[in-house]
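Worksheet: the structure to be examined is printed underneath.
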Amino acid sequence: MKTLAVVVTTPPYSHLTITALTYVEAALVAGINVIGVFFYQDGVMHANEDISIASDEYQAIAHWQRLQQEYQLPLHICITAAEKRGIACDAIDNDKINNAFTVSGLGELVELTTKATRLVQF
Amino acid sequence: MSTLHLVRQSAFASNDFAQCLSVLDHQDSVVLMDDGCYNLKHSLMDSLIKRVDGSVNINVITSHAQARAIEIIAAVNAIEMSDVVELTFTHKKVITWQ
Amino acid sequence: MTSIEQQSSSSAQENGLAIINSKAPFSSTHGKDALDIALIFGSFEQKVSLFFQGDGVYQLIADQDGSLLAIKDYLKTFSAFEFYDIEDIYVCQQSLSNRQLDENFHIDEVKVLSSIEFSAALNRHQHVLRF
Amino acid sequence: MKTLAVVVTTPPYSHLTITALTYVEAALVAGINVIGVFFYQDGVMHANEDISIASDEYQAIAHWQRLQQEYQLPLHICITAAEKRGIACDAIDNDKINNAFTVSGLGELVELTTKATRLVQF
Amino acid sequence: MTSIEQQSSSSAQENGLAIINSKAPFSSTHGKDALDIALIFGSFEQKVSLFFQGDGVYQLIADQDGSLLAIKDYLKTFSAFEFYDIEDIYVCQQSLSNRQLDENFHIDEVKVLSSIEFSAALNRHQHVLRF
Amino acid sequence: MSTLHLVRQSAFASNDFAQCLSVLDHQDSVVLMDDGCYNLKHSLMDSLIKRVDGSVNINVITSHAQARAIEIIAAVNAIEMSDVVELTFTHKKVITWQ
């Protein structure tokens, strides 16, 4: 069984993120079991519910949400990286975190890496 | 032992591509994507093509090169993102140079 | 090509803002962020000049198409420079030739300068930002 | 009269920001009239009230606040850059923006640049 | 120096994570971000090896002092590698000599490798991340 | 016409320092700060020192070099941040290479 884990370190307003999205979607379409995407460094910015990208720009966050819904793709954000970037993770029922994303620790990255046959970083 | 190298940076601006080449093994494959496409015109590419005698497989993502108005040279395969997914599993590991 | 013009003005008082563009167009937001500053200076009728050096020269090359990357192609906005009276657009000749690029640009009025001319043109400005 | 305007493009968790802070404080101590600091690109992250930097790390935001209070140093964040980074600027009495910072447009940068005898970017 | 050891293990099954450090220590958070991953792998008793290449080799150099920059010096944490059973620490010889750096490191057990050995050591791992 | 150049990046990793040198005028001054301190050991520095015959003033921020365990060479002035503030106003403009 081909399993894939992906690490994303670029923020939603970076065009590099489109490449990551295109890759992950191509993997899902090809029937690869993508066991999770781990957002690290500036990648955690994806989960900031307050981000507003101009409507004529690429909507990276909406694209991740769609992949999450359509393929039950787990999207993890690193809590340490998130707190450094003003995404408050301590509140219960936090309405500042996009609910397509799960707040996780780095232990989740260990888990994904151990389980995946391939790990790809973007 | 083969590795898939995803090269995302311009060698004219950073030394990531040079670092990639220093660990490149025969049997490895290279995919130029994002600003890595600019490397098609870099002198490191000439030496790579000469060095490998065709043993290293060199690819570029068509849309990424076309968007940048970069001509794809004959020694390099023009591929799509779905091919990158396939290469991910025909190689033993992936290193991203970004 | 513009050396006479440069020499005649090189002793003048420096004024306005020079923006040096040093990054390729599609992988970072630097080009767009610099453009936004240029346009706002233009709309406030403040003198602003654009310099392209290093990988920044890729921003000027003809026949690019960001839409292939699903990117809103901010390079198209360069055609508005005339409307904003942004007339001084300089590109480093050495950076072009290092990258094997022809002088084939997607906007008119780009002045190709040697390093010495590029430096002299920069020096005619009071302030410099670099992206 | 020596007047100085400063542009900061690095976020609070970047060590490069310490250099900018050290420079601005040295200018203020030297009696230079620093007419404003304009935060652009990732620099706007300074105004995110939810940012929590580990207490043993450098507290860049607190340092900017101190300079603002001690010297009445104007700190402007670029609204467009801020919205892209999840710092909501549209609400009245927005409690997510650190109140040491003023939400401004790029027009403020034009103003600062026109008035300042020197413009320095970090 | 460790070539016999490498050869004997080079045919073994690849396993664990290799982290390539490519950035200098004080101007970005990449080094610290990579370190955090290494330590969590160590604490989960998963194999992790550290590679230093390019400007990343500056992370290993002796006599540095981040406190002069008011930076919390994460390099000091490197001394905890032993405790976490992180034993494979490799540095690229070519990157050191390009930067005129001596093999004088602030931790023990750093293995200086040629490009070929560096590549072979990388190949002994199943996954690679680079910061 | 003199310019103060603040150099913040390693020439071993990026080409910013090379770009700075390509527009450097005699009478200009250079301050190496942050990772720019590493450039003291780069071959571009040797050529800069030779080229300028002492007409370009080259400086490095002491604490930034010391933190990185970099020896400050004799051809370069060791300065503090307060000196950078002074240089800001003794030159006509500042360009930051970062």
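We call the chains A, B, C, D, E and F, going by the order they appear; numbering starts again at 1 in every chain.
Criterion: a residue touches a chain if its C-beta (ideal position, glycine included) is under 8 Å from a C-beta of that chain, and two chains touch if they have at least 3 such contacts.
These numbers come from a predicted model, not from an experiment.
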Per the touch definition, the chains contacting both chain D and chain F are C, E
For the copies chain A and chain D, the interface residues, called same if over half of the numbers are used by both and different if under half, are same
The angle in degrees, nearest 5, through which chain B must rotate for its Cα atoms to match chain F is 180
Relative to chain A, the most remote chain by C-alpha centroid is chain F
Separation of the C-alpha centres, chain A versus chain F, in whole Å, is 40
The distance between the C-alpha centres of chain C and chain F, rounded to whole Å, is 25
Here the gap between chain C and chain D, centre to centre from mean Cα coordinates and rounded to Å, is 27
So chain A residues touching two or more other chains come to 13, 15-16, 118-119, 121
Multi-chain touching residues of chain F, meaning two or more other chains, are 8, 12-13, 15, 34, 64, 93-94, 96, 98
So chain C residues touching two or more other chains come to 26-27, 29, 54, 69, 71, 127-128, 130
Chains touch one another in the pairs A-B, A-C, A-D, A-E, B-C, B-E, B-F, C-D, C-F, D-E, D-F, E-F
The answer for chain C against chain D in the complex is residues 17, 29-30, 33, 36-37, 40-41, 44, 46, 127-130
In the complex, chain D touches chain C at residues 7, 40-41, 80-81, 105-107, 109-110, 113-114, 116, 118-119, 121
Per the touch rule above, chain A residues touching chain C in the complex are 13-16, 18, 54, 56-58
In the complex, the residues of chain E that touch chain F are 23-24, 26-27, 54-55, 58, 61-69, 71, 98-101
Counting only contacts in the complex, chain F reaches chain E at residues 8, 10, 12-13, 34-35, 38, 41, 63-64, 66-69
